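Shared chain: chain A. Partners: chain B in the first complex, chain C in the second.
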Partner chain A sequence: MVNDRGQLYTMEGVAAGVIMLLTAYIVISTTSVYTAGDTHIPDMQLEQLGSDVLAMMDTPDNREEEENRLARFIDEHEGTEFKTMFLGYCNAKTSGATDNLHMSANVTYRDGNLIKEHQFIAPDYTWTERESAVRVTRWVQLDLKAGRSPYGARPQAVLLEVLLWRA
Partner chain B sequence: MSLDFLAGFTIFMLALIMVVSMVPGLLAGLESSGIDYDAVAYRTGVILVEDPGWPVYPPWEMNDENHKDEIERMGLAVSKETPNILLSTKVDAFFNDSFFTPDDYRNLAIFGDIPYSYNISLRSEDGSYNYRTGNPLPPGYGYIRRVVKIKEPGVAVINDSFASDYTAPSSDQEFTVRLDFGQLLDPSIGPAYRIDPRTEPVSVTITDFNAYLNTTDHLVDNATLRTVTFWKMDPTRPIPQFTRIPFAYDTTNSELYTLTIDGNPHSLRPDGGVEVSENISLVLKPAATSFFTLDQNSILEIRFGFDDTPSRTNITGIHHYDYNATNVTIPDLQPAVLEVAIW
Partner chain C sequence: MARINEDGQWIVLMGLLTALALFFLALIINQSALVGQTTAEGVLEFPKNDIRDLRSEIFDYVDRLGTLNFDSDAVREDITRISLERKNAVVGFTVGDPQDVSGRMLRPITIHYNNGVTEYDETVYY
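Take a look at the complex of A and B:
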């Protein structure tokens, strides 16, 4: 039953196995595996920075300052002022050249039973849709204001979403 | 045929199991040390920005060289309820690298298992805070940047605009600044805006002192300050009354207070008194306030005693050190950036 042909099959099987294993080993050991942790860290740093900036913009500088700054920016459509302040905080460093972060922002609000989105700040020329951008959000309470567009006159909480990327 | 296949497949499976068991070893080489540094930098940033440190009261930053070992953690936040709002006294203490050694920073802020190198820096938007401690940055370090605001202590500036309120012809030559802790530590006032003399210095500056002089005699151009004393009262006691606080009034100690008269430093009870013609500036440090054993019900008075015969100043009355913007100027929170680099 057992003859030379069988031995040949066995040797072929062993050789194929060895080749496959060697290939797998070479592939794994030469491929640069970009782990989830590596990608997460720059994102986490940007997210933390963006959250800090929104929180600080939402913190009055003194007790007397009753006006909510973020609400004013949204209410009065002061997108340019918001962008200047936001990027001013974001790009500030303790020494050397300032950072090179860019942003766009949307406001999500409720209109009757519909959830709508309004572009608060359009992305600038650096936006190619291939950036590794992060999203930071903050709820902002708008007070009653007649004739407000597009969010409507009634008081409501709107969601400010900022997209942040490094050019 | 089937036996050959079985033998080959068995060898293959054994080899595959061996390789699979080797995979974690293969990936171990891919573990980047940068990931670890970033994590340590992030953790250090969180401790500094979101934590007030330990002990909280009396705060860690008040500990002197003899009590340095009582500090367990150095956080810069005003309180745990106010992340990203830093207290200026904590910031000043933290970046005092003539007091803290590199090992102190490692053991009380970085908390690493290995002796990491670090570079921690803070700069405010207007440049009034510009601190850095640690070594120069090498390539490949872990990093985090946090945006913060810095809370600074208030200052009571008593200038000539108060002259009509605080002068009387038959003055008792004593002027009082009163701090009602019940009012100051009101829980309805957020920690980011609270005046807390237990953690921040109390600054009283009397400027334009000539507006408080007894001008009936045209030759008078100064008055003699004999003492500055501290008194306290607990209104919850059965018969509340002010009692003088025992204190080393004769000893000049900049850790506890600074008293500057016309630009020159003095003790709280200068020998023979000291003549004041322009201004008096007193800064009472939290380290001194901690000796006074004050609580949220206490009332503290700082009494400036003048003594001339005949009287050379008409200053009198009580100035309330409180949240009235006319009485105490509280600076706006200062935007700043904190960077932590670890390697």
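Take a look at the complex of A and C:
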């Protein structure tokens, strides 16, 4: 009893099915919007995190304590201690695995008419020069200190620059 | 041309409207993919942290005025020249003599910051 009547109804049914599937797909996919991977959103978050950590370290613990820790680290060349504390604050989380953050730091200072840079913390083994690193900076005021090298003894403002990246 | 008549015009019209609506929806979804990018770039570009850090540094500078061996001109030169060299920003600030503001002696401070994209000027009593 097979014949070729009703072919148009069959095709209409197929077309209607496709249209319904397409509609369902469009409706479901509008609930989430995918953005491209390279949108700098992690960079933005990393920059804010580093900036906040530097601001925190630049603040004395209490009113009586005059010096802040950033100035002391730079004064005493305590790069390793600075790195430990900085990355520790960056990873101050209540739970979960620690973030895989790495850093290097420079101190920029003025020597007469020259602007010079002193490497405070060298980048570690993960540095390949291809990281999408962010730079965070903080001004630090150094007090008078005789024999300070290489910044010089005078009270001065230096710029601490930290490169921060995920490896 | 048998069997052509004017039935079903409403269905055809609705089909056209649905197609147009789908077209505009697709346009909106297409645009929304760019939103995350432009937002993040806008935030990264805007030197909010630089300006806030500069402000707090200038307040530190004012705190130290008059302390032993503090050469205010030299420190001012540090700030302006390092800003220009490392942050591509023209920075200038002036600190006036203390004046009476609602019973407290405060110094008027003007801060100028311009990195070519963002310009910031402020007068603050500290």
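In this text, the second predicted complex is superposed on the first by the 129 of 167 C-alpha atoms of A that agree within 3 Å, B and C clash if a C-alpha of one lies under 4 Å from a C-alpha of the other, contacts with A are read in each partner's own complex, and residues count from 1 in each chain.
By definition in this document, contacts are C-beta pairs under 8 Å (C-beta built on N, C-alpha and C of every residue); 3 or more make two chains touch, one makes a residue touch a chain.
These figures come from a predicted structure and were not determined experimentally.
Undergrad: Check the residue A:V14 against both partner chains and state whether it touches chain B (first), chain C (second), both, or neither.
TA: Only chain B is touched by A:V14; chain C is not.
Undergrad: Which partner does A:D43 contact after superposing on A: first (chain B), second (chain C), both, neither?
TA: second
Undergrad: In the superposed arrangement, which partner chain does A:I26 touch: chain B (first), chain C (second), both, or neither?
TA: second
Undergrad: Just chain B (first), just chain C (second), both, or neither: which does A:G6 touch?
TA: Touch status of A:G6: first partner only.
Undergrad: I'd like to know which partner A:K93 touches here: chain B for first, chain C for second, both or neither.
TA: Touch status of A:K93: first partner only.
Undergrad: Would you tell me the residues on chain A in contact with chain B in one complex that are also in contact with chain C in the other?
TA: Common to the two interfaces on chain A: residues 29, 33, 35, 38, 41, 44, 48, 55.
Undergrad: Flag every residue of chain B that touches chain A in the complex, lowest number first.
TA: 1, 3-5, 7-9, 11-12, 15-16, 19, 23, 26-27, 30, 32, 34-35, 38, 42, 45, 83-85, 121-123, 125, 130, 132, 143-149, 189-190, 192-193, 323, 325, 330, 332-333, 335, 337-339
Undergrad: Of all residues in chain C, which touch chain A in the complex?
TA: 22, 25, 29, 32-33, 35-37, 40-41, 43-44, 49-50, 53-54, 56-57, 60-61, 64, 67-71, 74-75, 77-79, 81-82, 85-87
Undergrad: In their complex, what parts of chain A are in touch with chain B?
TA: By the definition above, chain A touches chain B via 2, 6-7, 9-10, 12-14, 17-18, 20-21, 24-25, 28-29, 32-33, 35, 37-38, 41, 44-45, 48-49, 52-53, 55-56, 59-64, 89-90, 92-95.
Undergrad: Which part of chain A faces chain C closely enough to touch in the complex?
TA: Interface residues on chain A, with respect to chain C: 26, 29-30, 33-36, 38-41, 43-44, 47-48, 51, 55, 58, 108-110, 115, 136-139, 141, 144, 154-159, 161.
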